[in-house]
């Protein structure tokens, strides 16, 4: 299965060794974003992938392209225009101190100002089997909203699978009236979708789809009602759950089934991007036709490992994930 | 409230990534010291601060000044003389391996050899509302002892608040007869003080003020007797306490009250300077007129975060501390 | 003389060891800008300085403030708003390979979108003796143009000296019609100015003030005509001149005099910011009442040393410049 | 024109900042080799390229692949087998101290032990328009010799252009009798070739093709005789020539013409790989049908810039080379 | 007691900060190997040590020698020949992600191809009191097998103590028939040995010495039978054992006694080389004539600390180990 | 010839990439000093060497010892006492900007406070053939003066060669009256010496031995008079001399001969320690019985290369120096 994604490439700048921005004049530069994370991981799993995006037409854009190639992402549908790449700083937390992400301007990036016509949408849809769209596109600019919706509609119309990730960031939508507009946009894209990554909270708080469920059973019912409403095939997400130690469980729903992975202990080196690792695992199983349980276990194991890898991009291989699932206690391989 | 401090600026040299001195030829350079830590933290809390100290009159002194400015400390009362800055190496421990601090010569530093007359004491006292004096000054040289005592007396005479931190380091006082001399010096400064940071152990072992208390109630009684003896307003300190995991509790005494913070789990990246973070939190509450409980909780939360920050200097903001106290389990902010 | 400047703080990101952006994932972070460079240098010369600018109201803004304090710049007139700081990448050249600067979005920075009313202009003017305005302000946004012009007018009206630096960047003004608009803006600010940094080329190509002069004598005449037209006191700039080796000469004009420095060999480690070093030297001499020749020699020596210092900010001291002018061949000081 | 190359991928390890191996425990890791250098450069010039090689089937091989993708090289014909990658250390020289290259074992690398049948030769030949073969292949193992000869023969037979680089390294051929064997191998491959990179010295010392020429005219005659002997289209190389400063001239021969570039001053940051940059420039001009002079000038300018770039891989773009040729004295671009 | 060891020096290359090879172009270079680890640790304990090995006769070999000297290992019996040093990459794991070791070619290293006659065996045996032989020598090449066996025989014949470490690595012996050959080699060396480091698993799986024991008592019986069979004095090893947290116990056997250390919690920064730390502690106690319990406790404490030190080489001192055993909870020393 | 030296081990701290102390929080740590530089170089030339010195009895002292071993210096005569090591910062210059050395306290270092009786002088003298004494010992403390004089007298009395290096640092002797005292000390040690490193300026300005010579002939006469006065065998030094480019000439005198090396162009990466490289070359030739010209050429070539090596310690090998003398223009070795 050939998997495409539409999403922004972002520049991540991280001080070394848990230092704060004030403490260091050194930064590690990485290129990231939901689409980048997902596709790079799928590429490391052996899938063909392509990213539909726009990077600056300058030395920074060249560096972005070089790094995307390194991550295994084909550059064929990556345009170059403008001079700006959305960027953020990540001050990595330690224990009780949370990781702090600080965004620079995203709404004037090459991606945010690119018009729908700047992309080769038809070719992209034609070449892909499944297209992933990140919900952040619905929060950025009129242009990114229009492109996301157009792409979803075209892909759906062409009989391709469409996968959508809620990825709702309140911080990008904090102005009055914006939440109502976001609700409309999300409702507009969902009819074209087949797979969705999200949570009960997204349904209740963003879409006002039902009441906050009283218990897990009610939550499952809510999700499955939602899936039927929009004709979704799969709905998936992870849930943090502490059992003596911090841990996580993966969940995968069809309209009829609810699958849970085993509980896994979490050791966290860099948690940004771990959700994208879960999504990559789910899409791998989906494309490969694995059964639901195997898919959910693999995706959860992948997300667990992603927490232990620096940077947003989960650079796990199938071999690494499978080894971890079989031998979770081995700490040295040679 | 304008807060001043008298104390040494030290050069801290730390190998990267938990390496030992033998293993690395790279060092991270920082400028630190109890006064530096305290004032920098208070400055990040929005307070006006000034340090009374002496740094070398050369390129190293210039670098020290630049770094103190960066930390938010006003350089107006920092003199430049001599060629030496006290320095230490910190080999950061990991788990069962303790952090190892190795001091270079401190007794010939610009600070240690500066005479009382080299400082603008009268101006300093006039401009400050509260003056913090670090107990290490009483252990270094005749000059630092004289300046500390003179400053305390002048500040007290001018109706300014005086805060004293025991900070007793046996390693600086290991020669015979020295402990008796130290006792005298501490007893000489205490009558001028309003706030003191210390522990029961300091009272019993250094000052021979009463017997080692049998239980916590007796300990509180001892501290409150001590406070009455010297007319102290506040006495404060932290206590490590393991509950399944390592943790800490903050304590704050008036002659009539004993306040304890909630117990907090400790995750330790770099524990040097955490005591100064507690002191900074207490002084913030003191200056702002917070109630005792709020002050103690804030100071303890600040000390907890300080353990997760590289270097001695606790670069927390009020926002960070308050966020941690309200949401201790959030591990990603964006 | 207390010197203020109005200008943008920029984030500079530089790969280490002459590496290209594609070759490294490490960057050195510095905070720079014409105002920053000039004031930091003057501060290292012992002058009181203050910057009028706007930085983001987030962790990046805090880091910027910490670094500006380190550079010796008083933060009193630096506001915090928005989330974006203009940034650029500097790929440092070597020999025949030029240094390549790549700008990210500057027109949406906290500085570029701040309105005139967001600044404490009156206080700023009142406290300063001389105010420096960077010509780039005239190229950015309506807001920066308005603030620059208002500030110049207010300062002039208050009898303060106004210093203006052409700093014309064709790359920021490459759209049709823009050059004419730029001409108008420059012409609008010049009547308020006392000192100007620029070149014959600025006069001819940007302002269409006369024809390109045939020789140096004609160039001097043109500059002095220009000075008389706008009532300028001093006009200054440097000129690169190769004599076997690359070198530079400083020039300083009054309406009646033309001063040239000695020719100096140039060794170039990082040439960005060297022009600001020349300006800082001129302003030091102007404020101190040095004679023209001494001022010009000092400024040129300062510019020469600035080429040998990493980063844009010329961190020279008076001692360093004077030592270089007296002993240009000494290569080791101890 | 689609350009393929057959050659080894090598791991280059370089201590930072001109340090010796004894002085540093830090190394910069790069993946290099004549084929890598050439194709990466051509890829940065906008050409389609593919490398025929073998890297280890382990984490190091994965890292090699990621880095080759970053450099713009398609991985389609790169196999994975074995566990070893040829590697070398580069202690970068400074001024009078030469750069010192130290090779680890190359003869047991994945590339050196791969058999001809391990490659998809037919597909590779079918897809490429021009195939570059590095002479080092003739020095390594029986397998690399066999593959190089087979490939040359197949490509020639299929009407594809074959380009051969002498790249003779005496240090790889220092055993008695080896030089005679090398001569035979070189003579075996030349009949299949169209373009050759080499020098008069290669012809005389390795192939014993004529006597050492007395002057430049005789040298040109020798080269043209050699070209006719083997039916070569182009023969090219560079010549170092000091004119007050170190410099270089590019040379390009057809059987009838001798083209020389302008003399260029050389500034040397890292000279390894500069020869491959010259070759890349020549192949660009060859494929694009440029005239001989333009091709030679471009290739020489490219080689000059390659000396100023860290690492073996010349990451120049057409824009960089053309800018340098037009404005060789500009040292700052923004 | 003067302790010698026969074993390979290896180059270890480690990316910083838990990064994967794909993520970083920086590596930390260290020189390691069982003999190196053991002797360096013993040297830090104050013992005289010497390594019998072969390193390349080039700049890499020089760097290896410099680093071995730094580690306290006498270079007198280290030869220089060939051009290759065995090397491996260590991608350091974090939490659930295991550390991944990737070997480069070891069988063509200077050590692997050195013949028995290339060493000064007689002198070496004459000068040492105890000789340690690493089992990996029995897995590499005919030459290393021959030298190991010859050395063991000579040392035994000269009345010197011989210590052997099973160190059996299935990954070096994965070809069919190889296990039987390995069994023979191990059986050939054991009769010359006095001390052995190994496990029940080595006896059962490699040597087929008895059945897998049903419980710990049976395991002890098996080991003591084995010791009697080969006339061994001491047999030692560690056992990982989880008690809420990961931990370890040290074990030391004589034909008549079974000694166990206290259980110690393990905090793991870099676990490679921790087994060698245990061995070093045992040999220290053996040479110093400590009683069995003290020896076992010291060795276990040493192994625990070795897990908290970067790199393979356990750079603990006696003071550090003894401090840890007495004050396991102290986390700051000054 | 076994060569010993008496001198201080110093800690050198250097910011990376030509950065100033204010600009970086990273430092490269090295252990240096005239004796260290000289012996390390001689050790790399294959000579047996030993250093007589004192380092702190703490972790810093341990790190110093490890680094001295790495440099090839035998630790047998290095004592450990006290807690301080003399240290300095080196801000590396570039072109017109000189390298700036800033010393921390040297007079309280372990070396400076060690008494003559703390050293094993008799053993040291017995084991060495030639003993080098650094003139800085005569400037530090009464203890170092006493030890230097005692050592020189004992060595001379035992028939060993004594080599003395003026190394006069005005900055260490800037108090009134000090120069007269220095003169006495130098005059006291010279009668025991056989070889001296110095300059005409040392003779005239420090010792008032004759007038400043009018020309080179007079200078030679002065030196030879001085040699006869004190019975010296060799007197040596280098002279910087610009010929279009910066360069250097080596000089070596006997009472009867004056030897000059060829002129060598200087490329300067780090010039500290280059004088010690010249001394090491001279001592190598002296010990090996080379003729004067060969000795002088080798020493000069060695000094030239030392300018191109980072740090004070000249890590050249004989092979490197000889290669440079034969092929001064080769810039790549492989």
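Chains here go by letter, A, B, C, D, E and F, matching the order in which they are written, and residues are numbered from 1 within each.
The definition used in the following text is that a contact is a pair of C-beta atoms (placed from the backbone, for glycine too) under 8 Å apart; a residue touches a chain by one contact, two chains touch by 3 or more.
Here the structure is a predicted model, which is why all the values come from computation and not from measurement.
Enquirer: Once the contact rule is applied, which chains count as partners of both chain A and chain C?
Expert: Common contact partners of chain A and chain C, which must touch each of the two, are B, D, E, F.
Enquirer: Report back the single chain whose CA centre is most distant from the CA centre of chain F.
Expert: Following the centroid criterion, the farthest chain would be A.
Enquirer: Just going by residue numbers, which of D-F, A-C or B-F has an interface where over half the contact pairs are the same as at B-E?
Expert: D-F
Enquirer: For the interfaces C-D and C-E, which has the higher count of C-beta pairs in contact?
Expert: When C-E is set beside C-D, the one with more contacts is C-D.
Enquirer: Work out the mean Cα position per chain and let me know which chain is farthest from chain D.
Expert: Between chain D and every other chain, the largest centroid distance is to B.
Enquirer: Please compute the C-alpha centroid of chain A, do the same for chain F, then give the distance between them in whole Å.
Expert: Centres of chain A and chain F (C-alpha means) sit 62 Å apart.
Enquirer: When the C-alpha atoms of chain A and chain D are each averaged to a single point, how far apart are the two points in Å?
Expert: Here the centre of chain D sits 42 Å away from the centre of chain A.
Enquirer: State, to the nearest whole Å, the distance from the C-alpha centre of chain A to the C-alpha centre of chain B.
Expert: Comparing mean C-alpha positions, chain B is 45 Å from chain A.
Enquirer: When you check chain F against every other chain, which residues touch at least two of them?
Expert: Chain F, residues with two or more chain partners: 16-17, 20, 22-26, 62, 66, 70, 100, 103, 268.
Enquirer: Which category does the touching pattern between chains fall into here: line, ring, star, complete, or other?
Expert: If you draw each chain as a dot and join those that touch, every dot ends up joined to every other.
Enquirer: Which positions of chain A touch chain D when the two form their complex?
Expert: On the chain A side, the touching residues are 62, 66-67, 69-72, 317.
Enquirer: Residues of chain A touching chain B in their complex?
Expert: Those in contact with chain B are residues 16-20, 22-23, 88, 93-101, 103, 169, 171, 268, 271-272.
Enquirer: Using the touch definition from the top, list the residues of chain B that touch chain F in their complex.
Expert: 13, 20-22, 24-30, 58-60, 62-63, 66, 83-85, 87, 89, 91, 100, 102-105, 107-109
Enquirer: For chain E, which residues count as touching chain B in their complex?
Expert: For chain E paired with chain B, touching residues are 16-17, 70, 264-269, 304-305, 307-311, 315, 320, 323-324, 328, 330-334.
Enquirer: Quick one: in the complex, what on chain A touches chain F?
Expert: Residue list for chain A touching chain F: 23-26.
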